[in-house]
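Each structure below appears as structure tokens.
In the two assemblies presented below, subunit A is common to both, partnered first by subunit B and then by subunit C.
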Partner chain A sequence: MPVGGSPPSAGSVSTTEPFAAADGRTVDDRSGPDGSRRARSRARDWERLAPYVLVAPAVLIIVGLRLYPLLLGVNFSFTGDGDRNGEAVGLDNYLALFDDPLFQQALRNVGLLVVLLPVAVAVPGLLATFIYLRVPGHRFFRSVYFFPAVLSPVIVGAIFNLLLAFDGPLNTVLGSVGVGPVDWLGDPDVAMFMVVGVHVWATFGMGLVVFLAGFATLDAALLDAARVDGASLRQVIRHVIIPGLTRTIQFVFVTTMIGMLTSMFGLLYVMTSGGPEGSTYLPEYYIWIQQGQMNRPALASAASTILFLIMLVVGLLQLSILRRTGRED
Partner chain B sequence: MKQRALWSAVLVGGLALAGCGSASDSESSSSGESTDTLVVWDWKSGEENAAGYYEQAKADFAEKHPDVTVEFVAQPFDQYYTLLGTAIQAGEGPDVVLFNGGGQIRDRVDALLPLDDYVADDRERLAGWEAFSQDGQVFAVPLTLQGHPIYYNKALYEQAGLDPENPPATWDDFVADCGTIKTATGADCIALGNKEGYGIEFFLSAMGSAVLTPQEYDAWIAGDRDWSSPHVKQIFELWKAAGDTGLNNEGANSTAMFNDSFAIFQAGEAANMIGLMSDIGHWKDFNEFLGAENVGVMTAPVVNPEATPSLPYDGGIGYAVMNWTSDPDLAADLVRSLSSTEALEAFYADAGAIVSDTTIDVSDAGPAVSTIVGEIQTGKQALHVALSSQTLELIHRLSQQLLSGSVTVDDAVAQLAASDQAG
Partner chain C sequence: MGGARVGKWFVAIPMALLALATIYPLVFTTNVAMKTRHEYVLDRFSVAESLRWSNIEGAWNSVGMARYFVNSIVVVGLSVTFLLIIGSMAGFALGQLRFRGSRALFLGCLAALFIPFQVIMVPLARTMADTGLLDTYPGLVLAYVAQFLPFTIFLMTSYYAGVPADIIDAARIDGNTLYGVYRRIMLPIGRPALLSVGILNALFCWNDVLISLLLMPSADHRTLMVGVTALRGQYSDNIPTFAAGVLIAALPVLLIYLFFQRQIADGVTAGSTKG
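Up next is the complex of A and B:
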């Protein structure tokens, strides 16, 4: 907190004046020096308190609208639902959660997202590399790649619902080359990959832009030197581009992970509704179902607490990664 | 200073609202509204084809209480129970709310006012009360009836050389006829959308009375459900067999019930469909696409000779009164106006809903609706409506697994038995 920084003292200057003026009237009737000393000490008091007063709104907002609800949610997760509403039930909700195959599936899917993360980062990375290396039509690709990033997940989901329908265009195309139809969104082994794939398709534009910005800082002379030395494309990427872009890659990792964990709800809701067979559940979707559809808010609170802990761990890991890259600099 | 006072007020207000000791506080607390405004939540009042209904109901209420304003708030349906859950936790909100019958209202009766004393005069006139009752008390007044008739496309039956006025009476005939239709027209037997898992609800309820004996059926509704009985298993075996033998359209697990599966039936790509009676996916929609003369309704084809097939139906939607309303008499009066004969007649005429009022004449709307209304007298509660929302969620998932073959019927009914007992 910037206690004692310049803004508070500027504030205190402007506030001391009215104090003195207000006191001025009484000061004239009494002994001058005594009154002005009182005014000065009041000013000092104010100056000492000012920083606290000024940060109070921010602190109160954080405590009242963030921390308190958070603690309340954790508190709720130890109470019961339905007939046991309001009773303390200890860890029952957590036991029920880890007993629930749907929640287990949701956690497994979080694991799957982490495993698929490198793919989600590699896609924009590779495409940005091609654009940077000026493949024919690179200007056109640059704008086309970014386009899906401006579509809302609901629209993207609806589009892919049509494309991936059992009697949809993709299966028709596959059928015309003799490959049997695949139930893209109806097969539990395939559906989650499709949803993640669509999510990557819809969001890689952002990563691409970040990568292109990173490329702008890359030293062109190094690339030229590598080419002069006869390095192949793969060697250029492996030994020049990747080391030069370490910080950018790490940043895209962090933001992509956050995006995957927090903004897949819309796609899931539109594309699969958590199905088939519960194979595309994520914790967020599970929480929504339990609270909104099953009327089990306490269980939903417990699931939220677990999701919060997961995000906390992920967030701290990412912070430490970012800090380490900062130090390398 | 002013700003800070404002923030503290907001904070104190926030804390006071949130400061309760449970996740779903259902203690009643006064909503603080004056009695001359009633707030109604629903997902219908914004719909064009329900405008006539609301006009009638408002006029009826205005006659009885000219100085009371009624405010209808139409919520989006997919958010409806989430929003309502939030209101119930806060212990304040609307005075009168629309509910779906069955699990959705039974899960929330703690926040509702029992209406038995107010609706004694309507008990005879309206049908479908069971879906809005819990432990012998009524919590909402039914407006529409919702059920699962088996529709069939008479034109396809005729094209295949079958008699469209004589639909198959047994399951074996049904399957045989489907084979004939498939060969003659290429149409599938059953249009099924099971992406959300609703397909099994429809199937369980539509076919249940053709498999279970009347005693087993009544015991199921009464809460005495024997999941390991051979007849209950047989329903799930039929479901699985219908998938395995190709009676359903392909990709049923990724076809949305609303409205992709209805579209399949409407396009004449499937000969039969377990649909709904009201709102959507019902005779009125099908009439529009296929022509009223081509839409038939059959009684469930008999599987077990001891069974007596009947139309499965329940109260579909109904208005309830929240227990925090400041003037229960007034709110109950509004609910009665919302279920008056004139209003419901408009609902039937405009929206094509089968309404709960059995005194309304429906003879001019085609053969399908006449068959449905004719079967209401002998109809019974739908089997799936008796299940808790937890068990329904499970049955959705298991139905998809049964179709894909990743769970056996024995395993599925065992899981369902466990969930049903827990709930």
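Up next is the complex of A and C:
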């Protein structure tokens, strides 16, 4: 926990320690030469304390409702559920977790997400490249592609529930050309791909606008030079765009992975409820089920801790890989 | 030149098809919401015979969508208000005032940004239950504020850090207290950032289902998104009414998108290019 110690120390410091230069120049002297000294020093105290007063509500909320619960949850994951409520059980919850086929499936699905991640980054990256190169209608494309990204996963999931229903429109179309019907959300081999596909459909616009913001910082002269030299699109991407956008690409990789690990709950809840046969479980859904439906909060806490570790590992791994490739270029 | 032009269209056509695939699901849903059940059963794709509002009315009145809608408006309104006030105060302090611990506080905020709700939901639900805040509006608002505050502070801090210190110095010389500077200078100057972060927070809160599902279990406290998930069970055999309910929930977001697309994009991309 890099954070745990700092906010309280800031609080205790405020009454005892001397303050940084900024406050020296800012003493409010409106009371004039004959204002009472006490009033002036009170004003000075207030000025000195003001920054702490300004951050106090934020610190209270973040420490109390985000950092503290994190510690509480980790602690909680080493205690028991049900009959053993409150007892220290060591690693029992973690052992139970890795024995549970549903959690194993959730981890396998995380693996699938990691494998699909480059695609989920490349699609918006490529589309942003075309939009940046002013393909006809680029303004329109930008607006349209971004739109699903602001819709709730619940709305998106509900819409695709309609479209992918066994007797729904997609199968009707396929049926008319002699294919199917496919049970898109009811076949354990297909359902997870559909959910991930819908997630990518709904969120690629997010990566797209981030890429476009990155392009805006790119040196246009470099790009023009490459094209004057007759570089192909592939060469331009490889030698101008990717090296110039390392930071943006990094950002999209990390945010897309975080999105996949933490914002698919709505889709899973609406589209498949984790089924069929548990094939669409992800850690976040598993946590929800164990906490809310199975009444096993300690086990859920253990799963939470694992999810947090996965996010840390994925984040650090990606950053280090990208930093290395960035150095090569 | 001719070659390049052909190349462009070669790309534009698949992109147009993709755009169609992006819009069509919503168009389809809108169309279904205007149909009768009979029409839908006969032909999934036919254009609705008329602009029929009865399904929308039905969804609005019968399953409590109206109630859920009001619940969502209240919760989102309160959450965004608190986020903007608390976030801009902290952003002003962290972005402009150098004080002991400010750097550590900002880093702490950044770290909190990377704690997903799923990781803290179990202890949070327990704390809410222990304090009597479970299944109450203040509890849900507090949870939303806690969830989106780190992002809000991050954005406001980077915005205020870009404000020239001269402006504040001048205001101080004119006799403003720090509070006066905050209210008379920083809030008006921060308006673009406040608008952007306010709209994004409104979308986040409006779109959330997990937090609301966890902390507002009773039926008449449901927010709109939880209400939509409940629709599915109730209207599995009446697709047009189901589609109408989905449309009601999507409409406010669609309107916000039409008016504030740029602000949303600004907020989403903050932090991706600088820092």
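As a working rule, the second predicted complex is superposed on the first by the 245 of 329 C-alpha atoms of A that agree within 3 Å, B and C clash if a C-alpha of one lies under 4 Å from a C-alpha of the other, contacts with A are read in each partner's own complex, and residues count from 1 in each chain.
Following the convention adopted for this analysis, a residue touches a chain if its C-beta (ideal position, glycine included) is under 8 Å from a C-beta of that chain, and two chains touch if they have at least 3 such contacts.
Model, not experiment: these values are computed from the prediction.
Touch criterion not met for A:Ala226: it reaches neither subunit B nor subunit C. Touch criterion not met for A:Ile310: it reaches neither subunit B nor subunit C.
Contact with neither subunit B nor subunit C is seen for A:Leu117 once the two complexes are overlaid on the shared chain.
In the overlay built on the shared chain, the residue A:Val135 is in contact with subunit C alone; subunit B does not reach it. By the document's definition of touching, neither partner reaches A:Ile237: not subunit B, not subunit C. By the touch criterion defined above, A:Pro169 reaches subunit C but does not reach subunit B. Applying the stated contact rule after C-alpha superposition, one finds that A:Pro297 touches each of subunit B and subunit C.
Touch criterion met: A:Val210 reaches subunit C, while subunit B stays clear of it. Of the two partner chains, neither subunit B nor subunit C is touched by A:Leu218.
Touch counts on subunit A: comparing subunit C and subunit B, the chain ahead is C.
Residue overlap on subunit A between its contacts with subunit B in one complex and with subunit C in the other: 57, 61, 64-65, 69, 72, 76, 288, 291-292, 297, 300-301. Per the touch definition, subunit C reaches subunit A in the complex via residues 8-9, 11-12, 15-16, 18-19, 21-23, 25-26, 28-29, 32, 44-45, 86-87, 89-90, 92-94, 97-102, 104-105, 107-109, 111-112, 114-127, 142-143, 145-147, 149-150, 153, 169, 172, 175-179, 182, 203, 206-210, 213-214, 225, 228-229, 231-232, 239, 242-243, 246, 249-250, 253, 256-257, 261, 264-265, 268-269, 271-273.
Within the complex formed with subunit B, the subunit A residues making contact are 53, 56-57, 60-61, 64-65, 68-69, 72, 76-77, 79, 81-82, 85-87, 102, 164-167, 181, 183-188, 272-273, 275-278, 288-289, 291-295, 297-298, 300-301. Of all the residues in subunit B, the ones that touch subunit A in their complex are 3-4, 7-8, 11, 14-15, 18, 21-26, 79, 81-82, 85, 89, 107-108, 110, 195-197, 250-255, 260, 389-390, 393, 396-397, 400-401, 404, 406. Of all residues in subunit A, those touching subunit C in their complex are 2-3, 6-7, 9-10, 13, 17, 19-23, 25-26, 28, 30, 43, 46-47, 50-52, 54-55, 57-59, 61-62, 64-67, 69-70, 72-73, 76, 127, 130, 133, 135-137, 140-141, 143-155, 158-163, 168-169, 172, 201, 205-206, 209-210, 212-214, 216-217, 247-248, 251-252, 258, 261-262, 265-266, 269-270, 283-284, 287-288, 291-292, 297, 300-301, 304-305, 307-308, 311, 315.
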